[in-house]
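Here come two complexes built around chain A, the first alongside chain B, the second alongside chain C.
Up next is the complex of A and B:
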């Protein structure tokens, strides 16, 4: 069991979490790679699903850190170091991006030259949608995110030792620009990796939809991480029920925002009733997909909405934990719902979905835990730390 | 002249907080604390329950959504059925935006009107303003007032009690009407 010095917030014992995560990551990634030799088509589809699932969550952490700096948030200072460490898992996801570039022909219809030649729309989009530019863009996105994650973490950790308040102001400036770069890169990453699976179809709000789902799930993941730390006796009296209450409020707000964005996308397309747009929703309604779509509406929105509405639920750790876990599962279903209808009519859940999610997730969590335990568990010299610990809803 | 209550000043926010808890523990129900700024933990110290305004908002929002959805269903399916761009008469998707808008509108009405009703507003004058001391609540005063209609209110005992928990400048609030 991991342990924490309650005075300096340094880890005296890193526990087994990192080892378990790394083991899970290696074993399940290896299993998934074995699957690539039995069914490469399904391997790439499930790898993309899990890659999108974890990348959006980790990007949510990067956004959470920048949002705190930009708004000079007080309540969340005690939670910031964990979010910074989670964002440092981005290099792992860059490695996970590489397999996708080998599956371009399996995943992306537009990567076939003969298809593009026979299709006027794809030929017109070819200057943007071509394999080289796709990979270059992917690398640029990761370069921007990784640079931000590293700078935000390095300055924050530097403040732990020198206690210089100048870091706080520098981080605020970096985040103000960073959040702008983040908005563009996340939007285009969502267009590239998920929307271009159907290269004829487009929705300008798509990037927001993907981002919101990721941020929501990141809040759920952070809530679960802090509950795990608290159950192991760490951060007692530092991360309190007041902070969990605020996480519950963010879950509530963003499950509503997720439904609002998803709904806006749906109603506009429903109103216009243009076949080349409605086809995307038809593919997510026929052949068994209706059940998945309904599950998203009920379990990704209605159930969390109606439960988190109540004050007592947001102050009940067991209920919060249950709802956060549900939201994590539903985010995976959401990514599955975005990716899989492209590959054949029915709902095909493969064992590789499970193994790739656990494989990438294990590696992400290992990286997180390694980075998190290497430094103090909270920004110990942040000028707002005392107020954050004393935070009351 | 009528006695409306009693008011006392306290040293600082921390003293006010403990004094409020003492007043609550002494069994007083109709009392209030006045300070130039919000004091964290005061709701617990005074023994205040959570405001029921959330339930009023919830009820009103549900009512608004029902009215919005019901009105559109009635108009488009029975009162004035009209085929619009080949869609079915009962096209619930088209109703959602107005349903949502009325959900929010009625919820906001519930919040504003519910807050006013629960605070017994609008009210042009409150007897506490007969007090000399109350003006300091918007400057540097940390005050507790106990109303005369409280079951435990007694001029002698309440005055002694307020003095015993650190109250100074204790003043009987008296005025016409």
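Up next is the complex of A and C:
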């Protein structure tokens, strides 16, 4: 059981969470790698699904930190350190990106020179969709995100010791520019890693769709992390029901926003009925995919929407935990729904989906826990901390 | 640690545990009002505007804007009696200034409800000083917007059958599959809810004015509209509840109206119109243009009505930040649309965007990009965000840029049809220009009448953000 000094917010005992996460990460990653030798095609497809799942969540944390700085948010100061630490899991995801580069031919139709030569649309796109540029772009995206995550964390931690309010102002400026860089890198990452799986298909809102799902799920993950800490007796009176209520409001708002973006994307394509666009949704309807699409509508939107609408639900930790867990699962289904229809008809859920999600997730959580417990659990000298704890917003 | 004795709070509010009020030395929250006005000062400042005689400047301005509105009405009558052939619309540009102006005004009408509903839910207390005027602006802008689709029907007196699903002996029905019909529903709902929200907020202030009224007509009017408000605890309790519920209802409306407006274009298969980013891009643009207009009007109003104490530079700066954020969202949409036009590999998509930037309407395109994306980048500098003159000038550019955005989307996408034999150009006629100028006149006239005869600040809400009005716990 981990423990926290309630005065200084430093961890006196880091507990076993990190070890369990690391163990889970190593064991399940190893198992998934074994799968690579039995069915390399499925290995890469499921690795991409889990990679997209965790990367979008961790990017959600990076965005959450920057959003707080830019808006000078008060309520969320107590939650910021955890989000900063979660964003520091990006280097793990950079490592997880490397296996994908070995599976280009398995994953991306456009990476086959003979296919491109036979298809004038792919030939047109070749200056953008080619393996070298794809990898270079991936590295640039990670470089931008990792640099932002490190700067935001380092300044924040520095303020713990020196208490200098100048950090607050500097972080606000960094975040303003950071969000600008973030918007474009995340969009193009979504285009590259997910949209280009169907290289003929395009949708201008796709980047926003992927980002919103990740941000929503990050709120759910942070909510679950704080409930875990609270159950272990940490941050008592610091992260209170008021903060969980606010997380509940954000879950509500962003599940609606996710549905708005996903719904209008679907709707405009359905209404215009242009074959080159509808083909993407047809592949997510026929051959058993209808059930998955419906599950997204009901469990990713309607159920959270109709429950979180109520005040009492947002202040009930058990219900909040249940809905947050549902949203995490549904984000995985969403990524599965984006990735898998490319790989042949029918819904093919492999054991490797599970192991890769747990493997990458274990490593992400280990990195998060290591970074989180290395410093104070909340930004101890943030000028807005007292207001945040008392929820004077 | 700086500690102040909040004498005023003890005196007039009698909150339990009054006395030394701790002020955080690093309090990053700038005060929302300047100085330490008493609640009575707020009432006095705002009511004085309503109770005093209009100034000569007011009469002069209203004469000019009213004349402009009158000219607009005359040209509308001319259009109706002659036919919409007097506009520049043609084949292939079947939609032009009419719908450009419609979307422009609807967009302006977004700031009010965003400020009163979404910023309320986001607990942004600075909204209290500007929400009343912004909501009024919303209502006037929607009125201006509604003129265009109605007169574009050509025969407005029978438009009721075309716009509303009324059972009738002609068995003439509206087209439920058309987003233009959803516009009717979306905009009328938005108008109704915005007007109700505005009115509910006004009730306590009407009561204040009623209690102060010396003139008989004013007293009867304010008594009627204050609906028996006494300021009783129960009244306030219900008022707060109603306000929260209306905020909850209005929030999806802020998104839905411009989403439906974007559907007018995006459900088609016209390159440049049919793109999935349209709904949120239109919403961001609407908020951008709405805040542009709020800044344009409020920077002037705070000066002319002596409200600098309540609408502070802090408010202007916050609005500038919203303007920059939404301007960047719009810029993001421009960029992504351009990239996807190339990435799609679709020659028609590509042509539309290259044509926009380098074709015959490139001047309009670059006006749009400059006003909406380049110029607002000046707001990265704090000095500029807090410079009222520069901010005011930038807000004018935003108004211009957002008009051009709609013009570019509508006209450039239509003027080059799929077949080069169907290509054309659009030139506005003097009637197009006159009707648009007329709606500008109407909008300004309505706003001036509002600013003179109704409380431009939400008196009761501003009292709630005066220093000391909020009970603070946890003394240091």
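Miscellaneous remarks
Keep this in mind: the second predicted complex is superposed on the first by the 391 of 393 C-alpha atoms of A that agree within 3 Å, B and C clash if a C-alpha of one lies under 4 Å from a C-alpha of the other, contacts with A are read in each partner's own complex, and residues count from 1 in each chain.
Here is the rule we use: a contact is a pair of C-beta atoms (placed from the backbone, for glycine too) under 8 Å apart; a residue touches a chain by one contact, two chains touch by 3 or more.
Given the structure is predicted, the values throughout are model-derived calculations rather than measurements.
When both complexes are superposed on chain A, chain B and chain C occupy overlapping space and clash.
Contact with chain C, but none with chain B, is seen for A:125 once the two complexes are overlaid on the shared chain. With both structures placed on the common chain, the touch criterion links A:271 to chain B and to chain C.
With both structures placed on the common chain, the touch criterion links A:392 to chain B and to chain C. In the superposed model, more residues of chain A are touched by C than by the other of chain B and chain C. Within the superposed three-chain model, A:170 lies out of touch with both chain B and chain C [touch as defined at top]. Judged by the touch definition given at the top, the superposed model places A:203 against chain C, while chain B stays out of reach. When the shared chain is aligned, chain B comes close enough to touch A:311, but chain C does not.
Only one of the stretches 60-68, 132-140, 150-158 or 168-176 belonging to chain B has C-alpha atoms clashing with chain C in the superposition, and it is 132-140.
Residues 271, 392 of chain A contact both chain B in one complex and chain C in the other. Contacts from chain A toward chain B in the complex involve residues 263, 266-267, 270-271, 273, 309, 311, 392. Residues 72, 120-122, 124-125, 128, 165, 168, 176, 180, 183-184, 187, 191, 200, 202-208, 256, 260-261, 264-265, 268-269, 271-272, 274, 276, 383-384, 386-387, 390, 392-393 of chain A are the ones that touch chain C when the two sit in their complex. If you check the complex, the residues on chain C that touch chain A are 24, 26-29, 123, 252, 255, 259, 263, 266-269, 274-280, 328, 332-333, 335-337, 340, 343-346, 380, 472-474, 476. Contact residues on chain B toward chain A in their complex (touch as defined above): 40-41, 50, 54, 58, 85-87, 93-94, 96-97.
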